[in-house]
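Quick one: the structure is below, and I'll ask about it shortly.
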Amino acid sequence: MAAREDIAEVAAPRVGGLTFPAWQRLLTVGVLIVGLAIPLFVRNFTVFQLTLVMIYAIAILGLNLLTGINGQFSLGHSAFYAIGAYTTAILMDRFGVPYALTLPVAGVICLIAGFLFGLPALRLEGLYLALATFALAVATPQLLKLSLFERWTGGVQGIVIVKPDPPFGLPLSQDQWLYYFTLAVLVVMFAAAARLISSRTGRALKAIRDNPLAAKAMGIDTALYKSLAFGVSALYTGVAGALGAIVIQFVAPDSFTFFLAVSFLVGMVVGGVGSIPGALIGGAFIMFVPNLAEQVSKGLAWAVYGVILILVIYVMPTGAAGFVRLVAGRVARVVSSNR
Amino acid sequence: MSAHLAVRGLRAYYGQTRALHGLDLDLAEGGITALLGANGAGKTTVLRAICGMIRSEGEILLDGKAIGGIAVEDVVRLGVAHVPEGRGTFVRLTVEENLGLGAMIRRDRAEVARDIERVYAHFPLLKERRRQQAGTLSGGEQQMLAVGRALMLRPRVMLLDEPSFGLAPRMVAEVFEILKAVNRSDRVSVLLVEQNATLALAFADRAYLIETGRIVMSGSTAEIGADENVRRAYLGY
Amino acid sequence: MELFLHQLLAGIATGGIYACMALAVVMIYQSIDHFNFAQGEMAMFSTYIAWQLLAWGWPYWGAFAATVALSFIGGVVIERTLFKPIRNAPVLSHIVVFIAMFSILNSVAGFTWEYTIKSFPSPFPSEPLFGNRLISAHDLGMIGITVVLLVLLYVLFRHTRLGLAMRAAAANPESARLVGIRVGWMVALGWGLAAAIGAIAGMMIAPIVFLEPNMMLGILLYGLAGAVVGGLTSPVGAVIGGFAVGIVENLAGTFIPVIGKELKLTIALVLIVAVLMIKPSGLFGRTAVSRV
Amino acid sequence: MTTRRTLLAAAALAGVALVSSPSLAQKKYDPGASDTEIKVGNINPYSGPASAYGLIGKTIDAYFKKVNAEGGINGRKITFISYDDGFSPPKTVEQARKLVESDEVLLIFQSLGTAGNTAIQKYMNGKKVPQLFVATGATQFGNPKEYPWTMGWQPNYQSEGRIYAKYILDKHPAGKIGILYQNDDYGKDYLKGLKDGLGAKAASMIVAELPYEVADPTVDSQIVTLKSKGADVFFNVTTPKFAAQAIRKAAEIGWKPVHLLNNVSNSVGSVLKPAGLEASKDILSTGYIKDATDPTWKDDAAMKEWEAFMNKYFPDGDKTSSFTNYAYTVAQSLVQVLKQAGNELTRENVMKQAANLKNVELGMLLPGIKLNSGPNDFYPIEQMQMQRFDGERWHLFGPVMSGEIGGS
């Protein structure tokens, strides 16, 4: 009998009369309200930082769609971020395209780039895929610098772009406007990701992650879906890159090194592999923790960062999302046993 | 006959989920005991719990000494050999390396060499393939290798998980013959998990019947084999 | 033709660097079944220890031996303290801890020894050998040491019980436990050996590239590439792979027109990925027999 | 109420009237300055691939400690706030905004790297906050018409490139030039300077130009190629590590060209010594700052002063690194500007005084080299002198030359 109760609780923990998903919905609405209000109460600089957090969160979510949902591994997402950023910068600077219109273009280009990269990646697994994507990340700054493309990319100099003003004479600062703009993009992309995961396609992707052979046996076109996962993942990261270019007002090869890809990976793991809200936590982590570490010790900032990272993994081996699930499960058990 | 291995109130867990709900078991010294039950009843879990591969509560006594909660490798070092489900061969290593690994904890080199020859005597096929990667062996050959590797430990207790799985009937008889011989000559106590109840009842001298993580019947193989329910449910006649 | 020959020799010399590192990569892969991103930084740190001992007036080979021993102990300690507690965490969490180690070692080395380059002595004579100026005595010495390491590893893995136990523990930890192997310690030992080999690699590489905290950044990538091309399961393959990467990179950089010189690294990486597409387990790697 | 307003107006008028003689001016402050302190911001790569430059930030910090210990600038203490950007432009932007908007510094000083400075240039000029004495020799930071809030300091890379071109045309007009350069803006600026300087002859004289990446383990392959292309003049545009590698490899393979080494890497202690003093013999370079590891300056008074400073305020600092000499001098330049600004510590006046340096001599500059700037000249140091290494020390030769890029 005891066993049956255990299983029932794990399936649907209830706290204070609400199920876990209900709590999640409530929390989502709450976060959204806070998100809408924040820029009105904090300094422009903080608004700018929070905008970057959201941008990183979108990029991390992109990586998460690949790794968390489809089980493929990438150390090369800085490349897609760069493609997105450069697409926007080139369109704005060389062709005078309005910034908002550059986002879909950046997304589509990255979708294609990701899909194409996903094709050869099909033959590679685990470490080998890691190496191939690692190679992509390392090669990206070199390709951006290449004198052949200098006419468009600005070569080693990069491209400086103009920060957009709020439209319709809205009484907002540039930073506040970009914050809301990014927030809107984020909400759309997060909602789309949630739908994707629970759709047929999402189930197919997860089936491939959990058991590729069985998925194949079930008639899932694994090659197509895996490439598609790469494409969609790249799309997300590319849109993030495009937003990043607009907010930073500058793109240069040095902005998209391998360390950026590593940061995305760290953000994903810290936030929780496979978790959508975890991406926000991951974004905040890679944005603020290095600054925090720098405050602790200038000379040893990265050592401090490393120690914090290790501690985080010790406390939450499956990331913030896993940690929350665990705590929620515990709370649910305590609550139900007291009832 | 004293109990060589005794289990009292064993509860075992996979993560948060409990799979065994307090079960008692005695393994007679030098005896062969069979553990019967349907798929998913928890037979394999019992073996895994005994040698510390999963988290468990309750008492596990080897020669009267508690071995619950100690690491797998230490249980093995006390002379408990486990031939796991799916055989657990080292597929990238050669047959001979696999056998050598079975005797990893022994220091008596000369004896080990002699034991390898003894295994080859039991399973001449293995001798032919001694330099091959174990992964290239057929399922039956790998099963022989797994049994041979367990014997290399010179175990005092053997835990066998479905040794008949994937073997041709002729081979099954052969493997069980060898196991019986070793059981007699070395006085090894054997705990056998088998789906094939007929086979198990013929081979063992005592048996336990397990259902959803609990022992529901125990006794000599003759008693169990004679039970009406067992015959209908497990022996199929 | 002369240029080709010169580049080939230069490629072999640089390839020696990669081969050395690739060997350390394979070593750790053999014992933990994945790749340690902090490997290069561990080697760099070990080299600084050697540098410090030399600065305190130790003789070269004394410092060399002490560094190898300290690195071995360091590797074991890192496994026991950092990785044992998260043994059951997902692989990605391990990778994040590697990244953390990377930043800690890099930052501490920079803090302690500054970022200015330091010269590191070579144990080999400085005059050119056989009147050949294209490959230095140090290059040859380094290749020689790599080969010696390779032989030692071969003997360890193929002809000793300890090596057998290590291979078993890496290949199938659960079964290894069932034959009484202390898998945790085998993994720690693997870390120790990888750290020790890394230390030797660092001390061989530093005289060529100069010692500084970031010296291993690029080399680790090439070393990894070499190891993967050769096959992560094969030490011999890794060494050959390392040389191959060095040669390909130099020849591509020199002879591919227009983009060659700017995209030397990229071209080498593309070739590697191409190799993997054709032979996914590397040139000399063995495919694991997978049972369904 | 009225009286107070009148007073304020009068003060403002007085301020305007007295702007030309700042020391007499009324006290006037922008954010970051007060009666007691001047907040100076800085961005440096303390981590990442360029972390060697972090030493510059640390030395400046130490120097301001010395200034403060000795009473500050016109009685005000300098608060030096330095952040790490890991050489990544997005981080530079974030840190610059933090300094301006959160820490409210009076100015940002010596932010390092071309990409990072390009990234913040528009922002700084939009905010009208001085981006003063940037730590890069790229030419785009001395353009007062477009960017009146951004100013360089060191001789720019293109000018230096032209000086070498002049030398080559003069002494080796038939030379075959081989170039090794870092594949980024810094390398390409030098390249441009040299080619501009060579003019029409560039195409025929340059036999090979080979790039390398910062992540490359060695430049051996490039050196071998340069030799086999028959180059007899070697223009070495590399950062210290690669410079040392190139010098050693060239010696190893017995290549003895006329070796022109860029100023970035001509430190005796941190480049030539590691590369081998014998191998470094006869290398040519240009200089504007005294090198502490060059025995020429062993008994120089200014050098002794620098050493005393290092011993007292930065004892852990690496004295063999030329970055400490550089940072010490650039920090002195800022102190000079702030002294000139007197009590009128507004951002506008800081820029004005920075553009009003007249023959300022600083101890660590080579004899004859002075700081000069003007409203249309945002390159304070434009003079350099060529020097030759004799296996032990640098020997200056020829005239003090000035670049032709600045002052436009």
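Letters A, B, C and D mark the chains as written, and numbering starts fresh at 1 in each.
The rule we apply is simple: a contact is a pair of C-beta atoms (placed from the backbone, for glycine too) under 8 Å apart; a residue touches a chain by one contact, two chains touch by 3 or more.
In this text the structure is predicted, and so the values were computed from the model without any measurement.
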| item | value |
| --- | --- |
| Chain whose average C-alpha position is farthest from chain A's own | B |
| Winner on C-beta contact pairs when A-C is weighed against A-D | A-C |
| Inter-chain centre distance, chain B versus chain D - centres from mean C-alpha coordinates, in Å | 76 |
| Centroid distance [mean C-alpha coordinates] between chain C and chain A, Å | 32 |
| Between chain D and chain A, distance of the C-alpha-averaged centres to the nearest whole Å | 38 |
| Centroid distance [mean C-alpha coordinates] between chain C and chain B, Å | 42 |
| Multi-chain contact residues (two or more partners), chain A | 138, 142, 145, 299, 301-302 |
| Chain D: positions in contact with at least two other chains | 47, 49, 183, 213, 215 |
| Two or more partner chains touched - positions in chain C | 103, 106-107, 110, 221, 262, 265 |
| Residues of chain C touching chain D in the complex | 2-3, 6-7, 10-11, 13-14, 17-18, 103, 106-107, 110, 114-119, 128, 133-134, 136, 205, 208-210, 212-215, 217-219, 221-222, 249-250, 253-254, 261-262, 264-265 |
| Footprint of chain A on chain C - complex, ascending | 29, 34-35, 82, 85-86, 88-90, 92-93, 95-97, 99-104, 106-108, 110-111, 221, 224-225, 228, 232, 258-259, 262-263, 265-266, 269-270, 272-273, 276-277, 280, 292 |
| Complex interface listing, chain A residues touching chain C | 67, 120, 123-128, 130-132, 134-135, 138-139, 142-143, 145-148, 213, 262, 265-266, 268-270, 273, 299-303, 305-307, 309-310, 313-314, 317-319 |
| Complex interface listing, chain B residues touching chain C | 51, 53, 71-73, 76-77, 81-82, 84, 86, 88-93, 97, 100-102, 104-105, 133, 135-136, 149, 153 |
| Touching residues (chain side chain D, partner chain C) in the complex | 47, 49, 51-55, 183, 210-211, 213, 215-218, 220-222, 224-225, 228, 240-241, 244-245, 252-254, 270-271, 273-275, 318, 320-321 |
